[in-house]
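Scroll down for the structure; my scribbles are underneath it.
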Amino acid sequence: MSGARGADDGTVEVRDLVVRYGPATALDQVSLTVGPAEMVALIGPNGAGKSTVVNTLSGVLKPSAGTVAVRGRLAHVPEGRQVFGDLTVEDNLRLGGRRYKLRDTGPVHAILPRLAELRHRRAGTLSGGEQQMVAVGRALMSRPDVLAVDELSLGLAPLVVADLVRHLRELNETRGLAVLLIEQNARLALDLCSRAYVLEAGRIVAEGPSEELAADDRVSAAYLGGVHD
Amino acid sequence: MTDLPGYLVTGLGTGCGYALVGSGLVAVYRVTRVVNFAQGAFAVVGAMCAASFLTALPHGLGELAAVAVAAVVGLLVGMVALATDPRSALIVTLGLSVFAYAVEVLVWGDQPRSFAGLPGAVTIGDARVQSHYLLVIGVTLPVFAGMALFFTRTGTGKALTACASNPYAAKVIGIDVRRMGWLAFAIGGALGGLAGVLVTPVQQITFDADVTLIVNGFAAAILGGLTRPAVTLAGGLLLGVTQALVAGYGNAAHQTDVALGLMIVVMIWRAAQRQTRGPVEEPV
Amino acid sequence: MKVLIAAAVVTLALPVFLDGKQLGIYVLAGLAAMVTVGLSLLMGQAGQISLGQASFYAIGAYTAGLLSVHGTAPVLGLLAAPVVAAAFAAVVGAGVLRLRGHYLAFATLAMQLILLSVLAQSTWAGGAIGLQGIPRLSVGGFELAEDIQYAYLVWAGLAVVLVVAHNLVRSRPGRGLRALATSEVAAAASGVPVGRYRLAVFTLSAAFAGLAGGIYAFYLGYLGPGSFPVLLSIEYVVMAVVGGLGTLAGGVVGAVAIVLLVQALNELATSPGMPSYAPSVLSYAVYGLLLVVVVLWLPRGIVPALRGKERT
C-alpha cells in the first residue's frame, strides 16, 4: 500500500453523529470508533439506521451534526449487491479504483481469483454471490485501510457467506485491514468481530466486546434469540 | 421507381438529424433519468450560431464553434435542471426552451435562417441530390461510432454508464453523480448542436423549430426505450426515410404527420409489451 | 367556503362593471381556467403531463364550429364539443397512459402537431384560412350576442367544471389518485386501479378543454389552426404549475394570474418606443422564467404556498 500513510491509518471515529431526512431523524448522537486493524460489528434491527452510518462514512450522505473522521482510505460495500449491471466485472473493478487512479486489477484477482475468471462477464448476469464478490472486489480496488461492509450475508447462501467471511478475515489478518461490518445476522457478526455496537432507532443502545454482548440477556434475546443451540 | 435512391439519401440525411437529437436525449436520460425538453433548442442554438459565426470564420471552424456553444448551453441547462427531481426537470427544461425563444428572437430575429453547406449536387439513380446530404450522413455515422467507443472504452464513458446503471453505487465509489449529469447534458448539447449545424444548410431553421426536432428526436429515441444510442440511430434513419418516401410518393404536407403517427403507434405497442411483461425496468 | 362564496359573488358581479376590452379578458381568463383546472388535476393528481392540452381545446372548438356551420343547433354543437374531445383523449390515452409520464407528454405534443397539420390541409375544416361564419350560440329562440352574455356563459362553464372536478377529487377514486401522484407503487399496492383512474382524469381534462373550446368557437365566430399553437399548450402548463398542481383553486388562480400578467406585458411591450419583437420576447421570457422559478423555488405553486402561510 501507499507509503505515505501514517501508523494509525485505517481508523474511524464518529462523534455525536446526527443525520436527518427532512423532519425525520435517522441517526441521533451516534458515536463509534474502529481502531487500526480492528474488526467491529454494527448490529440492530431493520430501519435502525445502520446503513445511514456507512453512507455517511463514505460520503454518500452528509451529517446534519456531529463529526465523522476517517483516517486513511475507506471503501464501502453497499447493501444489496450494488454492481454496475451493464458493465463487465473488470470495468466494475476498475471503477472502484478510479478515484485514486488505480487501474491494476491484479491484486484483487489475487485475493478473489473467481473475479479473474469472470472478468469479461457483464455483472448483471452474475449470481447473487458473485455480484457480492464483485462489490467487495470493487471496494478493494481502492486499496482501502478500512472496509465498511453493509449486509454481507443478506440473501446469500451460507456457503457463499462463509467464503466471503474467510476472505475478510484473511485481509484483516494479513494486511491489517480494518472492518466495520453491518449485519442483520448478529451471530455471524459477533463471531467474526471482536467488538460490536447495537443500534436501535438511530441510537447506540449497547456496545462492548462481542463475547460480552453475546452474553448480555437483552442483546441475546433480541438478536440471537429464537436460535436454540 | 428510379427516384427511390434519391429519396433514400435525402431521407437518411434528415434522419441523421433526428438521430443526433434523439441520441442527445438518450445521453441525458441514461445518466440522469431526465427527459430533456430543451434538446431541440440546442439544435436551434447550434444552427443560429453557425449562421452567425460563418460570416467571420471559415467552414469547419464556424460549425465547430457553434457546436461548442451548444455544449455550453447544454451544460447550463443541466445545471438548472438537475437542481430538482427528474419528473419536475421535464417541466424545468420545457421552461428553459421557451426562455430560449426569447433569447433567440432577441439575438437572431424571428425569420428563418440558413447558411451554405457543401455545394453541388450528385446524381443518384435518376434524381439529383444535394451533396450536403452525403456530408450529413458522412459526419453522423462516425459520430455515433465515436460515441459507442467513448461509452464503452474510456474511463469517463464508463463512469457515465455506471451512473446510468446504478447511481447509488456510483456515489458509493466516489463518482460525482451530479457532475456526471452535467457532463451528460453538455454531450446532449453538443449532439443537438451538431444536428442543427448539419441540417440547416438543407432545411432552414426558425427559433421554434425545436418542437418538431424534439418530437422527431424523441420518436427516434423511443424505439430503444430512450436508453440505446444504436437503436436511436436506426429509429432516426427509419423516421427520415419514411418521411422522404411519404413526401416523394404521397403528399409532402403529411410527411411529419405520418412519422408522428408512427411514433404514437410505437409507444402504444411498447405499452402493450410492458403490460404483458409487467412493470420491469427498461433494459439499458 | 366563505372565500369560495365571495369569489363567486365578485366574479358574477364583475362583468357588469367591465368595458368591452376587459370583458374579452374576462372571457379568455375564464376559458383558460376551465382548461387549466383539468390539466392541473391531471398533473397534480395523476402525476401526468400533457403538452397538447390545446389540441383538446381545438377539437372542442372545431366540433362546435363545424356542427353549427353545417346547420346543427349550436347548443348541440356545444354539448358535443367536450364529448368529442374526451373521445380523442380516451383513444390516445388508452394506449399511452400505461407508460411513464414523459410518454404522454410527447404523445399529446405529437397529437397536437398532427392535428394542426391536418386542420391546415383539410378543406372541410377551412384549411389554413380557418372556419368562418360560425353562428352565435342560441338556446331555443334566445341568442347570445353580447360579450357580457358570453362572460356569464364562461362563468357557468367554469362552475360546471369546478363542480365536476370537486366531486372527482372528493370521490374515493380521487383520494386514490392523490396517492398515485406521490407513489404509484403504493397506490397500486393499496388496490387502486392506477391505469383506469389516470385514463379517467386524462379524459375528463380533455372534456373540460373541449367545453372551453366550444364556448370559444361561438364567442369568436371564427377558428383557424393558428389559434391553437403548441405554445398555447405550454401556456396551460405554466398556468397549472404557477397556480399549484392538483388543487382546483390553483388552476383558476394560475390561469387568471397569467392571463392578466400577459395582458399587462402586452400593454408594456406595445407601448411607444418598444421594438416590434418586444411582445413575443417578453412573453417567452416570462413564461419560461415562471416555469423554472416556480418549479425550483415554489414547487407547490402559489395557492398552496399562500394557504401554507395562513396556517403558520
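Just so it is clear, A, B and C label the chains in written order, and each chain counts residues from 1 on its own.
Here is the rule we use: a residue touches a chain if its C-beta (ideal position, glycine included) is under 8 Å from a C-beta of that chain, and two chains touch if they have at least 3 such contacts.
Chain labels with UniProt names: A = Branched-chain amino acid transport system ATP-binding protein; B, C = Branched-chain amino acid transport system permease protein.
These figures come from a predicted structure and were not determined experimentally.
Chemist: Give the chains in contact with both chain A and chain C, ordered by label.
Modeler: Looking at chain C and chain A together, the chains touching each of them are B.
Chemist: Would you identify the chain whose C-alpha centroid lies closest to the centroid of all protein C-alpha atoms displayed?
Modeler: B
Chemist: Would you indicate which pair of chains has the most C-beta pairs in contact?
Modeler: Result of the pairwise contact count: B-C comes out on top.
Chemist: By mean C-alpha position, what chain is farthest away from chain C?
Modeler: A
Chemist: Calculate how many whole Å lie between the centre of chain A and the centre of chain C, each centre taken as the average of the chain's C-alpha atoms.
Modeler: That pair's centroid distance is 54 Å.
Chemist: Starting from the mean Cα coordinates of chain A and chain B, work out the distance between those two points in Å.
Modeler: It comes to 43 Å between the two C-alpha centres.
Chemist: Can you compute the centre-to-centre distance for chain B and chain C, using the mean CA position of each chain? Integer Å is fine.
Modeler: Centre-to-centre distance between chain B and chain C: 31 Å.
Chemist: Within their complex, state which residues of chain A touch chain B.
Modeler: These residues of chain A touch chain B: 55, 58-60, 75-76, 78, 82-87, 91, 94-96, 98-99, 135, 138-139, 142.
Chemist: Write out the stretch or stretches of chain B touching chain A in their complex.
Modeler: 155, 158-159, 161-162, 164-166, 168-175, 284
Chemist: Residues of chain B touching chain C in their complex?
Modeler: Against chain C, chain B makes touches at 35, 80, 83-84, 87-88, 90-92, 94-102, 105-106, 109-110, 208, 211-212, 215, 218-219, 222, 253-254, 256-257, 260-261, 263-264, 267-268, 270-272, 274-275.
Chemist: Applying the document's contact rule, which stretches of chain C touch chain B when the two form their complex?
Modeler: It comes out as residues 47, 49, 51, 92, 95-99, 101-103, 105-107, 109-111, 113-114, 117-118, 121, 230-231, 234, 237-238, 241, 277, 280-282, 284-285, 287-292, 295-296, 299.
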